[in-house]
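Letters A, B and C name the chains as they come in the text, with residue numbers starting at 1 for each one.
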Amino acid sequence: MIYQREFQLQTSGHRQMHDLTGEVAGIVSESRVRYGQVHVFNVGSTGAIGTIEFEPGLQEDLPAMLDKLFPPSRDYGHEQAWHDGNGHSHLQATTLGPSLTVPIKEGKLVLGPWQQIFHLECDIKPRRRTIMVTAVGE
Amino acid sequence: MIYQREFQLQTSGHRQMHDLTGEVAGIVSESRVRYGQVHVFNVGSTGAIGTIEFEPGLQEDLPAMLDKLFPPSRDYGHEQAWHDGNGHSHLQATTLGPSLTVPIKEGKLVLGPWQQIFHLECDIKPRRRTIMVTAVGE
Amino acid sequence: MIYQREFQLQTSGHRQMHDLTGEVAGIVSESRVRYGQVHVFNVGSTGAIGTIEFEPGLQEDLPAMLDKLFPPSRDYGHEQAWHDGNGHSHLQATTLGPSLTVPIKEGKLVLGPWQQIFHLECDIKPRRRTIMVTAVGE
């Protein structure tokens, strides 16, 4: 059984994190999949999805550390293509990755109590994101 | 066809790696899936799963490099939430990611001869981990 | 429904990136899966797969930044196992990850207009890679 639904996410720009857990759990519930897995995908190359303990400290720490490892700069080769100063956004998003798969058991997401599904906006301006959710199972 | 089984993993704390390949291959064998994929997921936000050549050198190198990029420190914002000194554990685990999907062909995991499935304990104390394995296929 | 096909990729060595989007889209089309997901996996521990805007600048930036974070060196513990100078290749490939899952909608890959599927050769010499593609859906 396959169930697919997308939803929109409005971000305010660089460094903003969203907790997608509730929205994804709702789609899994709609899907009637009892056992299987759900895939959550950010359409576009400068947004990332993963799991984290979604609390205010880590919402600062994760983007701050990514900016330290892949600093905002006009010196990236990517600047030649677009001159828009978001080379680091691409590198951060590619390193974290655009998607996540979570198991489904008894119709519910299998996550730890302090483990949530996050979206991180790596781009430098507000973006309207499409998140595609695909549940597979029985 | 869906087959799901979890197993427990006792870790000794920060930097310890386990080779999960045998356990996952056993579950794939039980599942009777011949062609498809298997998803391996760490329940909790401070453990990571991926592939690596599972040999003693890299078992030191990977955690050491992660500690260099995301150093243990009491200065993370996360420290405000818990005061337990594992902010870097969260950042390391989120960057590597909590899960991995491996193809199944003729009832076997498709992996290179020097490519194993690892679990890395990023937390600073021993943890009892639940690993959820979900095979999908025919 | 499961459809699985592998293909070969000849790389020229460290830092070379390939755009796999066309090949994967072709396999999805063959598969006749209309709604579901496709998994793309690099067999072997020193190659990585993900999404990126596949343009010349980022093709330089991504490997360059990975070499900065995990520098080529003879000092890794891995050197004790093989003495072949590719410890950093393993660390880079493990961090990016060997695989990617992309949604399928109406028989097509769901990707942004500037989001492509890449393969990055992290090893230091030319390699013949097997890429395993598994589509799951209806």
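The rule is short, and it goes like this: a residue touches a chain if its C-beta (ideal position, glycine included) is under 8 Å from a C-beta of that chain, and two chains touch if they have at least 3 such contacts.
None of these values were measured; they are calculated from a predicted model.
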item	value
Chain copies touching (chain A, chain C) - same or different residues, decided at half shared	different
Size of the rotation, in steps of 5 degrees, that lays the CA trace of chain B over chain C	120
Whole-Å gap between the CA centroids of chain A and chain C	19
Per-residue multi-chain contacts in chain C, two or more chains	69, 95, 97, 101, 136
Complex interface listing, chain A residues touching chain C	2, 4, 39, 41, 43-45, 69-70, 76-81, 87, 90-91, 94-95, 97-99, 101, 132, 134, 136
Residues of chain A touching chain B in the complex	35-37, 50-53, 55-62, 65, 69, 95-97, 100-103, 105, 110-112, 114-115, 136-138
